[in-house]
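Let me give you the structure first, and then I'll get to my questions.
Lettered A, B and C in written order, each chain numbered from 1.
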Amino acid sequence: MALNDSRATARPSRTAVSLTWLAVTAIVCAGGAAGATALFYSLTPAAAGATCAGGATAGNLSLTDDLGRCVTVPFDPARVAVLSPSIMDTVYRLGLRAHVVAVDCYATALGGLYDDYSSDQVALWNLTPSMCVQVAPVFTLEDLANATPDLVLASTIVSQTAVAQIGSVLGLPVVMLQPPDLEGILRDVTLLAEIFGVATNATILNSQLSVELANASAARATFSTTPSVLVTYSVDSNGYWTYGAGTFGTSLVTLAGATSISATNSNPYPELPAETVLADNPAIVVYGTGFGLNESYYTTAPDWSSLPAVQGGHVYGIDSNYLTEPDPSMILDGLPALLAIFHP
Amino acid sequence: MDPRGPTDPAPRRSYRWLWLLVAGLPGLAFVSPLFGPTAIPAGVVLQVLGHELTGGLLFPNPCAGASLPDSCSTYFVIVWQIRVPAVLLAIGVGAALGISGGTLQGLFRNPLADPFLLGISSGGTLGAVIVFVFFIGSPQVTAALPLFAFAGALATGLVMLAVARSRVGSVETLLLAGVGLSSLLSSIVAFLLIYNRQASTQITDWLLGSVAGGTWPEVGITFLVLLAVSFLLLLHSRELNLIQLGNDVAQSVGVDPSRVRVRLILLASLATATAVAFAGIIGFVGLVAPHVIRRLVAVDYRAVLAGSLVVGAVFLLAAWDIDLFFAELPIGIFTAFVGVPFFLAILFRRSERSTMGGG
Amino acid sequence: MTGDEPLALEVRDLVVRFGSRAALVGVSFRVRAGEFVALVGPNGSGKTTLLRTALGFLQPSEGHARIFGDRVEELTPLERARRVAWVPQDEPMRDNVPLLDYVAYGRYAHRGMLEGESVGDRRLALRLLDEVGLGARAADGVLSVSGGERQRAILARALAQEPRLLLLDEPTTHLDIGHQLDLLGRVRALSRSRGVTVVAALHDLNLAARFAGRLVVLSHGRRVADGPPTEVLSEDLLARVWGVSADLERDRRTGLPYLVPHQITVTAPRTFPSPFVGPVHVVGGGGAAAPILRGLSEQGYRVTAGALHLLDSDAEVAEALGIPSAIESPFAPLGPEVRVQHRTLLAAARAIVIAPFAVGPSNLANLEDLLPYVSQVPTLLVRLPPIAERDFTGGRAEAIVAELRAAGARNVDDLTGVLAALRAELAVSPSAAGVPPPAPA
């Protein structure tokens, strides 16, 4: 009977198929897991910190960067890619501009060079669009490859995924420079000087920085009052974006002899509602300029004109770069500017 | 009552389109490495491709001669280590999203279903965000990102699987549970990102989707998973055809709908999670690819699944090429740019034909 | 298989509950191989639940169903599908799948996962399509064919499973009378030629009596009667189970019983006879004319109707309103006698209204007979729903309607349009004829 025949043949093949199905699924999962694990280890850089002996061997140098990674770099590389405006400032002040072959940029369609660098910086450092390495919104590895650097200096504006690819695909050493505090800026100066063998320049620069920091400390001891300050870098209809605890903006304000009303906010970049600002009643308002922002932009903030500081004319603009970019300029230019505002 | 229901005078479909796409894919894949931010002579690109693809047998290494001594090795790296993996990743990810979309649209009998319907994107995003929030700065981040994104995406898929297996797991319940879970995960992501600005800047390109960072190991894993999953999914195309007739009919013909559902969700999640792990969130491909096939080729799921695979691959590759023409932006932005006009054209083609009476 | 053939379907002490409500309360019966059994009963009596339980879609809380000796829940979905197939009321089709593919879907249970459809499968599908009269339309999509054809395709798909038991759940609900007869006739013929046992839930008692060898009557989830139609159907049973008082008559050709319900409630009795307005003739069928008949009567028009089938709801309304009509016995094509009667009524009419009725081969003559009269008296053609949607004659009805239009028939949208047009055409307003204007709707 035809019915029974087809049943007899279909049944075992179906069982076999179910087993095949299970087996293939198991293999896929196992393969996927194995592959992922292999990828994990192949992309994991060498263990950090403790084992990084330091010192130079045959034109190379091993050092520990700001993220605790041990990196082996060529000594005094001729071609270097600088993927952060703050590092560019240090490199320039150490007299290393001639080594720079590439800098970080935003997508050309979205501002390019000028999204990351002010026009003053572009002019001063003689940056050109041909040096662009697109770091955002997508990191373009090809730009970097085409610049053929020997060394890449980067901050965390370059995603960690991209950093790993620079190493794994292009085989280039990447030194991450992301100082955790003001002291870290001086350490990075030393680190860079070590790579390029410009110890003298570093000593001079670091002494300038130390003098500026010491001056500020000394001045602070003489101030009878520390004014309360609102430092804002952006506003919207809800309130004021500002710096919280542990940020360079807050440290700098404290060092300049004032107290930021958001100094103890646990969120590093909190938005203060307008009513909080009114209640805290800062004596001085400092707003960030640059990238097209000026005072008229900040007057759109809620209750701007009700602030006593605004009514009293205690409103000052300062280049945002001084507050956010952890580089020598922050100490040499930003700190004196804030001191002049708080204690004229 | 009109016994025929809403009539669809069937626009003329033909497999010609499918073969056209199948033939177009390798061609497009071959010219794609010609584009990029760096101007590299086409001859060099083709020589590199020829040299590597033939294992160095047919074409000599273009950098061995003295003609292009300096930049040549750079070009070699750019073409073979950067451009080709990106192109292949676009193909693999597009194919994975396409076939997942076809599967889920069939499974849910819903033309708006896409690979992210089950909360898979939100799950993957949460995985990625967790990496950046809790492991930022640790050297393991890079390797952990795809692993966590994959785990998050797959875990969400498995939760939905549990819903599907439960007694209440009707198609509607599953859809609603997916939407609900998706919202919950998105809220958690938003919450974590608000408190971690550094993480949010790191994750932008991931959220918008990108194949730019494709590497050979990623390409290898993607294609391995794709191969296995597609094979298994295609085995289920007849069940999908029957599920279109409703659960009861499918059951009466011998399909075990709940079992099929579990398998298909597992497979689609696996494919989507892999795509998400390496390329982030790329929308629209999985939604559109099945429709293209259903409109142009056939409504039979044997064709829909195989076709979605090809259309997804061609579509994402085309988006990638156009992306390169403009600037290298997240590719997720371009899928909609490329997709919507094309999609509308197909929709209008259909209504034009229905006024003609079709045939 | 040892000794005697196992029962095709055995249902024992079946109890199925939906929450606290019991849909089936201890139903038992047996179906021998080769039988054609109709499950009948009023809406909600448990017919569908019984079939779904027999198919294993529902789990009974007590009792069980066996298919050819095995309990249905113990069969794998594939084993079950090779024994029993299902023809639902309708299928939620979204895709315009070619009929041949669609029928071949039924081969699923006979194919392993790695096997595709074989040539044999396609051949079987094609043969089945031939057998249900769709051989020439194998390449057409399921959404492109008419309701009757689609239902036949569903039948062919079920038969492609090569089942030994076929369960049909009100398969004729969406069909007009001609297609109802056609489909069940084919089921009966195919079940005989292929030795398939048939259990069909049917709500139309006349159809059930005509085709099934045995009726199982369900009421409130219980089996209340079981046996050949001639024994089971009684006026008493109809009153008890359906709450309908009806006359049970015998078809003069087949000798089978058919019932004529006569308890029709009419909300608006004829109160304003209007001797001034000559008869308005309404052509209808299948309930399409009922609102028009009522509306015209209420407005005081003298109304005639035709040609209707006896069990048709239009015929019932006409009878209840005392409207003279040309009536044919149920299911039959319009015979010469009735057509003569119909033409007499048409000849006497001052105006003709063509209701939007479904046109099949059995009542196409209704339209054909109209042609000579359209040019003589005002004729109103109720336009909606469009003729294309209710033409089951392969376009012939549509062609005749076009001819009628050409001959002077006027399109109107609905009853309101009919009334307005009649008022204008006959130049007699109901109020002028002593009838108060209708209350605002």
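Some points to look at:
Going forward, a contact is a pair of C-beta atoms (placed from the backbone, for glycine too) under 8 Å apart; a residue touches a chain by one contact, two chains touch by 3 or more.
If you're wondering where the values come from, they're calculated on a predicted model, not measured in any experiment.
Distance from chain C peaks, on a Cα-centroid basis, for A.
Nearest to the global CA centroid, when each chain is reduced to the mean of its CA atoms, is chain B. Each chain gets one centre point, the mean of its Cα atoms, and the points for chain A and chain C are 76 Å apart. In whole angstrom, the spacing between the mean C-alpha positions of chain A and chain B is 32.
Chain geometry summary: the mean Cα position of chain B and that of chain C are 48 Å apart.
Touching two or more other chains at once are residues 235 of chain B.
The set of chain A residues touching two or more other chains comprises 17, 21.
Shared interface positions of chain C, i.e. residues touching 2 or more other chains, are given as 78, 82, 109, 111, 113-114. The residues of chain B lying in touch with chain C in their complex are 1-10, 109, 235, 238-239, 241-242, 244-246, 248-249, 251-256, 294, 299-300, 358. Of all the residues in chain A, the ones that touch chain B in their complex are 17, 21, 24-25, 27-28, 31-32, 35-36, 38-45, 47-48, 67-69, 107-110, 134, 136-143, 145-146, 148, 156-157, 159-165, 168-170, 267-269.
Listed in rising order, the residues of chain C touching chain B in the complex are 52, 55-57, 77-78, 80-82, 84-86, 88, 91-97, 101, 105-106, 108-109, 111, 113-114, 141, 143-148, 150, 157-158, 161, 174-175, 385, 389-390. Interface residues of chain B, counted against chain A in their complex, comprise 36-38, 71, 74, 77-78, 81-83, 136-137, 139-147, 150, 195, 197-198, 201-202, 204-206, 208, 210, 212-213, 215, 217-218, 220-221, 224-225, 228-229, 231-232, 235, 263, 266, 270, 274, 326-330.
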